[in-house]
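To keep things simple, chains are lettered A, B and C as they appear, and every chain counts its residues starting from 1.
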Amino acid sequence: MNGFFDIPSDLDNTYFGLIGLHLREALLPVLAGLLAALPVAQLCVRFRWLYPPVLGVTTVFYAVPSLAVFVVLIDYTGQTELTVMIPLAVYSLVVLVPAIVDGVRSVPEETLAASTAMGFGPVRRYLQVQLPIAVPAILAGLRVAVSASISLVSVGALIGNQGALGNLLADAQKYGRPELAVNSVLTTAVLAVLCDALLVLIRNLLTPWMPRGKGGRPKQFAARRELPEPEEASAR
Amino acid sequence: MNVLNFVNAFFSDSAHWHGYDGIPQRLLEHVQYTLMALGLATAIGLPIGLLTGHTGRGGNAVAFVATAARALPSFGLLVLIAVVVGIGLLPVMVPLVILAIPPILVTTYEAVRSVDPSPVDAARGMGMHEAGILFRVELPVALPLVLSGLRSAAIQVVSTATIAAYVSLGGIGRYIIDGLYQRDYEKVVGGATLVAALALVTLGLFWAAGRFAVSPGVRRR
Amino acid sequence: MTSTRKSSWSRTRHSGAAAVALTAAAALLAGCSSDSDDTSDNPLAGEKAKAGTVVVGSNNFAESTLLADIYGEALKAKGLKVTYKHNIGSRETTYGLMKNGSVTVLPEYNGSLLAYLDPEAEQQSADAVNEAVKAKLDKKLTVLDSSPAENKDSVSVNAETAKKHGLTAESTLADLKDVAPDLTIGGSPEFQTRQQGLKGLESVYGVKFKSFKALDAGGPLTQAALTKNTVQAADVFTTDPTIVKEKFVVLKDPENLFGFANVTPLVTKEGLSKEGVDTLNAVSAKLDTKTLLDLDAQVQLDKKDPLDVAKEWLESAGLV
């Protein structure tokens, strides 16, 4: 009898193989999205008028369901991982651009003035002052992008075994084996939680100056303007 | 391939405008799923967010719930519940509600918690009840952020409700799933356009709600 | 205008970045997926099947996976290099992948394939159907010998509906004409637009249903929807083991709308050697409807893995 970890042969993979594939299909697009978002965000910070139209265009991209993008892309990139990863990268971009812009803009004027006075050029100022101060905001955006991306990969199952752990869902339905769907949901959720924890750890390592500790921040920290939650993407 | 041609062909085909598979019917179904899910998520997320934000306690619990809810894959839950309990509204509502709770809950919590403490202290000093403080001082100030959380949730639900079609329900997703299996780009592109348009309408509604509901004093900031 | 230009700009930029990131990180993450076949899931390897490798594809339903496994394992036993591309989707998609050569062998059903290639075609005999298919196929493709095993689409009603409207095993699709306007029919999304689907039911039998509910290709969704009376009629495969179990009534098809549906390998002419062709013809010769029913039951009712079922049968039939 087949059980929880008996992966159907038509997926051509082992349980751990599916996990590796899932991570790759989810995380590469976020990385690509981040690499593209940094220059776009920098342009938006430099030229303020650019930000509203960029936000508008990205919001429209963001509202298009991933499945529709998969179907249209199949003719160009085939039934491959790349077809799944392209829309995921675009969603990551959409989540990350406002996170980075808001983060970089939140750097106080006096800090910038101080760095200029110390003789920092624009590039050095960006890399050594603005970006580090924006780290918490960027990481907040990355957390949303990563969990959305991990969740969305599963939809790739609909275009022919391209959904990694999501393929288990299609098979659960095809063979009437609910345990495969339970496996898929639990494994995906655990991956998302672990990646999220890793990002929190990275944030803490990168921002040693931030207040930490149990019991939340004291009220005076809360009183400063909080960044609104970045727009999220999830399984469409 | 010209996407605009597909859009044009889809919307000018009169067969797409009536009957159980017509645009009005599918749009209505889509809006129904969206409103139901958003209503349920608001009923759960908003009060908890207001309460935790007001007391300033439970921040870790809110963060935990949000992280857990975000980690659950929508498509996975949909298929799982459909396989276990069969097709119906339940497999669609559970993932959509779980999807909408984190942005509503977290944003409401952060919005109320980050209200400037001095007017709150003043109200308390004037002898205002805690409920009065929450609804007459904190909420009006926090409203723009609270609305942005609801907006974020609404956009996601509009977009994600398309997956309902995978378990045989209606909504705009029907065109996208049918188009996939029929290799009919017209339907896929037409469906995607409808979803994007619905998302833009949603944005517009929230913008209008903000103009209407947010006190001018708060808006000026 | 501005926004269109902007969007295409950022998209090109973006895919460029994606490609760079992919290459950079491919090495990094290769370790995670060492269990999987590197050639088949490398996104940059492209779609074309490698020369000398037979790519066996399957559609998105259990029997198709099972048949693909039978073909693939039989070919492997002859020393051919075989990879699988399972669960691709509907015929509308798989036919395209056969044409462009990314799949070389696919289990098909002769009459259903003909109805896809030419909705008007008359289906008189199995041999005539195969000749007509060969004539209509893309010139890079051909079909091999059909097996006696047949699995047709059918319109079946659930026990409740049959009782209510007095439909029996002797009833035909024509008998549905008067009751259909009260019934909801279910089927795969593609059933809605196929000749062997709603279109043919209307043009051949004048049967028009109240509404259509999109389910799966004769899988568990369809079975559940029929059992629970969410739909009263559905497209059910005639080899479906649940027909007997749930007392569904299969309506007769005197006009032969659903034609012939003998299991037949669709192959690319270039992709398969003489030896491969002989192997698949030998498989087809041994595969009859009773065998197929039995193998389907092992997969769908006993929940055995299709690959194991395929290997066992090939062994017991003396094909490997």
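Please note the rule applied: contacts are C-beta pairs under 8 Å (C-beta built on N, C-alpha and C of every residue); 3 or more make two chains touch, one makes a residue touch a chain.
In this text, all values refer to a predicted model and were calculated from it rather than measured experimentally.
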{"item": "Neighbouring chains common to chain A and chain B, by label", "value": "C"}
{"item": "Chain whose mean Cα position lies farthest from chain A", "value": "C"}
{"item": "Pair joined by the larger number of C-beta contacts - A-C, B-C", "value": "A-C"}
{"item": "Whole-Å separation of chain centres (CA-atom averages), chain A against chain B", "value": "19"}
{"item": "Whole-Å gap separating chain B and chain C, where each centre is the average of the chain's CA atoms", "value": "37"}
{"item": "For chain A, residues that touch 2 or more chains besides their own", "value": "157-159, 170, 173, 176"}
{"item": "Overlap residues in chain C, where contacts from two or more other chains coincide", "value": "89, 93, 220-221"}
{"item": "Residues of chain B whose C-beta touches two or more other chains", "value": "82-83, 177, 180"}
{"item": "Residues on chain A engaged by chain B in the complex (per definition of touch)", "value": "59-60, 62-65, 67-72, 75, 144, 147-148, 150-152, 154-155, 157-159, 165-166, 169-170, 172-173, 176, 178, 181-182, 184-185, 188-190, 192-193, 196, 214, 216, 219-220, 222-226, 228-229, 231-236"}
{"item": "Chain B residues within the chain C interface of the complex", "value": "20-21, 82-83, 86-87, 165, 167-168, 174, 177-178, 180-184"}
{"item": "Complex contacts: residues of chain C adjacent to chain A", "value": "2-3, 6-7, 10-11, 13-15, 17-18, 20-22, 25, 29, 31-37, 40-41, 43-44, 46-47, 58, 60-62, 65, 68-69, 83-89, 93, 97, 102, 216, 219-221, 299-300, 303-308"}
{"item": "Parts of chain B lying in touch with chain A, wherever the complex brings them together", "value": "1, 3, 56, 59-60, 67-68, 70-77, 79-80, 82-84, 95, 99, 102-103, 106-107, 110-111, 113-114, 116-117, 145, 148-149, 152, 155-156, 158-160, 162-163, 166, 173, 176-177, 179-180, 185, 188-189, 191-192, 195-196, 198-200, 203"}
{"item": "Residues of chain A that touch chain C when the two form their complex", "value": "1-2, 6, 8-14, 16-17, 19-21, 23-24, 27-29, 31-32, 35-36, 40, 53-54, 56-57, 61, 74, 78-82, 85-86, 89-90, 93, 157-161, 167, 170-171, 173-177"}
